[in-house]
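Okay, so chain A shows up in both of these, paired with chain B first and chain C after.
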Partner chain A sequence: MTVSILRRAGHSLLVVILVSVTAVGLLSLAPGSVATVILGENATPAAVAAMNTELGLDQPLWRQYGNWLGRALGGDLGTSPLTGQDVTQAILDRLPVTLELSLLALTLSVSLAVLLAVLSAAAPGIWLDRVINAVSSAFLAVPAFIAGPVLIYLFALKAGWFPVSGWAHIEDGLGANLRSALLPALAVSLTEIASFHRLLRTDLIGTLREDYVAAARAKGMPRGYVMFRHALRPSSFSLVTLAGISLGRLIGGTVVVEILFGLPGLGQLVSASITARDVITVQGVVVFVAVTYVVVNMLVDISYGFLDPRVRKAARA
Partner chain B sequence: MTGEPLLQVRGLHTYIPTSRGVVRAVDGVDLDIGRGQALGVVGESGSGKSVMARAVMGLLPAHARSTGQVLFDGVDLLTLGRRQREQVWGRRIAMIFQDPGRSLNPVVRIERQLTEGMRRHLGLSRTSAHESALRLLTEVGVPDPERRLRNYPHELSGGMRQRVMIAMALTCGPELLIADEPTTALDVTIQRQVLDLLRRVQTSHGTALMLISHDLAVVAGRTDRVSVMYAGRLAEVGATREVFRAPQHRYTQALLGATPTVDHRRHTPLNLIPGAMASPVDPPPGCRFSPRCEFTVPGCTRPGPDLVRVGDDHEVACLNPVSVAPGGELVGR
Partner chain C sequence: MNLSTSPPRPRSPFAAPILRPVRKRRPVLVGAAYAWLALVIALAVLAPWLPIAGYSVPAGASRLSPGPGSVDLLLGTDSFGRSLLSRCIHGARVSLLVGTGAGLAGLAAGTVLGLLGGYLRGRVDRLISLITDALLAFPPLILLIALSAVLTPSIEVILIGLTLVTVPNFVRLSRAQAISWSSREFVRAARNMGAGSARIMTREVLPNLLPALGSFLPVVVAALIVAEGSLSFLGLGVPPPRPSWGGMINEGKSALATSPHLVLVPATVIFLTVFSLNQVGDHLRLRFDRTL
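For the complex of A and B:
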């Protein structure tokens, strides 16, 4: 058990380092440097060179990365040369927005997908199932950058139920906060709903053929009870795995909707930093997202034990 | 038999559409089970006995079509609405499945699985359902029931699980128990214990029993009457003792001949039935056993035959029945 946890932790560290190396490597391939952005387009080459030396950007890439990694392992993600802000602080400032957005999107996706999957699996092949499948296929084909404008047009501009853009902090009231978060969350949810629905529908149909479901029905238990008490839990393993992957992806991947809806989250931070060649900030965010991803996946693994007592026993042994 | 039988199946047909054609799993079956009586339903794999039981319990997939009548205490279960049938299932008719490893939900504790029916049908409180569950587990011979209630199914042995299934079937004091191959998935040494338990609770609770098995020996000493099924139809029906003493249908006779007994001479081959089970999609005309039968007469391929009375409580659907009874009685396992 201890060995497997250690192996797991080592594996996770390797993943995080690989991710940050790749991010830095890709960013260094792009032309320009943060010095140009700070000094402006008309700066003399001498001034740019001087600024690069000051920021340590004239050193070889591996040494820059090594220095940064050494400090990062100590918990210091560095300071943005562009804004002079502490990167950790910048991430923490933006995190609540992205986290709320991701969690809201995940909650929406899971609950809607469970509802749809239960409805379609109850009688596969009948009209209701076909309609839900068609809608789900359509959702799967709608990326957030299309769903976003459409939702803004329908529910913000036409109906006026939601703000067109911007973020209301939770201190401004929960209602306003949720209203500003719902449309962007829904925009990223559509594809998730579709994939969750398909996965859970298939697993549910399989579970409903099991003898223990027949046994529960033979006890005269009502259909809804059998579905939620007996069939849903043993059908949800793949869904939990996929939802974990989705949450990791959402935290790092709400860039499009954050820009579209003007939300001050991590996505906006990272996209602004990339444009400005602010490698330090990009590295910080990327590592943070990678760590989150790894942690979420570990939580997913732990959750199997809650879903299935047989896993619990195997883990104890 | 006194009064109206508890369960009367009349002209039951169950057709299941598949990609290979319509499977006529059950094709005209009549059954009677009196109150407190035990009926054995015997037949090889594919004879339609399990589908018949599932049709009675309404457990078939939605695309299966059942016609005919399943009269339980005078009410046709096939015409009842879902809510009304839920009042019958579990409460008045309970079912025990083949493999207790698959018929207990792996992620639900034994306690909930045992008590959910009682709490719903009998409106018991959590504590009285708990006590009732303890009493039932003790009755079916599960040691340390308090601990077992907190267990998950995988923490119990196969025999214990089937005992739990029997206890579960008894929770609401049903009038009819349907046991579909209740011991096929168990170790041979456990089979007998479970069968004897089943018979014991059946007699002590005064419950009627439908015991389905491919194994004649399982049914032999434990049922009052027996129905032999072949390819979705009844071959022979009668008092168990009578059918085993003097089987009349050629299929029953062949089935008995294929059963190894203690007296069987060593190193001599068993009498097998040649050929394979008739196709359920495109059954042979007339008697469905005729392609495998050594004793066919010209009429065997014509439509029919119907059940004909040959004894006090003994009917057979055969044009050339065994008229001479073979000696010896089958010894139940």
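For the complex of A and C:
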């Protein structure tokens, strides 16, 4: 177990290094130089040179990376040359909103998907299964930038149940907070619900054909009990993987709804920095999100062992 | 609650695959999906010669609701009085070009890399897998945003960026397939007859990879159209006045309260296209992917 966890962690570390090299190298992709990107086309050569020195861009790439890594390991992702704001602080300020949004979206997706998958796997092929499959296929074709405006139109503008935009912090009351988070979370959830449902339905149908399920039913156990206590857990391993991947994706993927609903999260920070051509902040957020993504996926892989006794045994042997 | 109607049966090795019932009842929907895609592709290809208004000139009053009358006003007009029908059709050119272009480029590069890794194994495989994992470690939208932030958005930049996020998926698929095909008897037979690695890869393994990889393409194109839409929605897509579906939603969202059709028309077009591509993809995959 320990060996496999260490091996997995080593692999993740390699990936993180590659990711950070790419993110640092990103700056050298800019046409002209980053300084001209930040200062604009009309900057004087002297100003450009000064900016390059300030950002350390006049040094060779490997040294730039070394410097950057040294500071990043200490938690310093640089300072925005435009606003003078500390990038790490800016990220930490925005993180709670994005995190809450992602976790809420994930909770919504998993619970709805489990409900739908149980209903459709219970009797594959009957009308209920077909209706659920049709809805699920439709959800798969509704990305956040379509779901968002449509949800705003239906539930905020027409029905008036939710605010059109804006974020209520938890300090303002949990109810108001959830009301401002629900529509954006739902908007990013639809495609996740669909893919979770597809996966879990197939796995459940497979598990329900196992002998031990037949044995449980033959003993006279209620069908709902067999479904939830005997079939659901062994069917949920692929779902856990996918949910982990999806949490990582959501942390970077709530950009669209954050812009649409005007929520002060990481996505809005990135978007505002792009408009302002603040490449240093963009770089910081990209590294932060990518590393989070790698770490989450690693934790999901390791959690297999705790969820599935078969993996635990195999690792010990 | 009655959760089951069919008694559980022990699984015999000859039992029908689990997905059989789903496979059988799709023809009508799949047919409709093919028809919609054919229509969109035909309109997009023929756009310059169709008798419709230009996409950047006013065709009527601003924000007209959809309605009969003239062809140009069929889907209404946007805030500048430009025909939404014309803009949807010209927007299809961008979406389809970007989607299929990046999809095919990703397919080609991913197939080659996956084949090399899956057949040769060893160091080559480990290197390719590591790069693949690193690419997959970037949430796709963040990688695209980072690229658009540093470079100026244009069709070429978007194409390169989308290809970059597509390649690793094809590498994984191609690698898995290559490993499974490489262990087959006919490959060993070819090797025993003295065929070199290059010949075995191109003549024995590659032809067997293509059906599975090709049938994966529509789903990838759908995902790419969504990605391009998200970028355009964030204002990082194709620069105006050239229309794109995501850009149209972006322009229309401020008028959502008074003229919802500005958003609903392009939203419906994207929905139908992505839905159709997914249906066609599922259909092809069930037929051609032997891992399913």
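Heads up, the rule we're going with is that the second predicted complex is superposed on the first by the 253 of 317 C-alpha atoms of A that agree within 3 Å, B and C clash if a C-alpha of one lies under 4 Å from a C-alpha of the other, contacts with A are read in each partner's own complex, and residues count from 1 in each chain.
As a convention for this text, contacts are C-beta pairs under 8 Å (C-beta built on N, C-alpha and C of every residue); 3 or more make two chains touch, one makes a residue touch a chain.
Everything quoted here is computed from the prediction, not taken from an experiment.
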item	value
Which superposed partner A:106 touches (first chain B, second chain C, both, neither)	neither
Which superposed partner A:116 touches (first chain B, second chain C, both, neither)	neither
Contacts of A:212 with chain B and chain C, given as first, second, both or neither	first
Touched partner set for A:221, first chain B, second chain C, both or neither	first
Touched partner set for A:193, first chain B, second chain C, both or neither	neither
Touched partner set for A:22, first chain B, second chain C, both or neither	second
Per-residue touch tally on chain A - higher for chain B or for chain C	C
Touching partner for A:309 - first (chain B), second (chain C), both, neither	first
Which of chain B and chain C A:229 touches, first, second, both or neither	first
Touching partner for A:257 - first (chain B), second (chain C), both, neither	neither
Common interface positions of chain A, toward chain B and toward chain C	123, 210-211, 213-214, 217, 223
Residue ranges of chain B touching chain A (in the complex, touch as defined)	54, 57-59, 62, 82-83, 85-91, 94-95, 97-99, 102-108, 116-117, 120-121, 152, 154-155, 165, 168
Footprint of chain A on chain C - complex, ascending	1-11, 18-19, 21-22, 25, 130-131, 133-134, 137-143, 145-152, 222, 226, 229-230, 233-234, 236, 246, 249-250, 252-253, 256-257, 260, 263-264, 267, 270-272, 274-275, 278-279
Sites on chain A touched by chain B in the complex	123, 210-223, 225, 229-230, 233-234, 307-310, 313
Of chain A, residues touching chain C in the complex	11, 14-16, 18-19, 22-23, 26-27, 29-31, 34, 37, 118, 122-126, 130, 133, 137-138, 140-146, 149-150, 152-153, 157, 202, 205-206, 208-211, 213-214, 217, 223-224, 227, 248-249, 251-253, 255-256, 259-260, 270-271, 273-274, 277, 279, 282-283, 285-286, 289-290, 293-294, 297
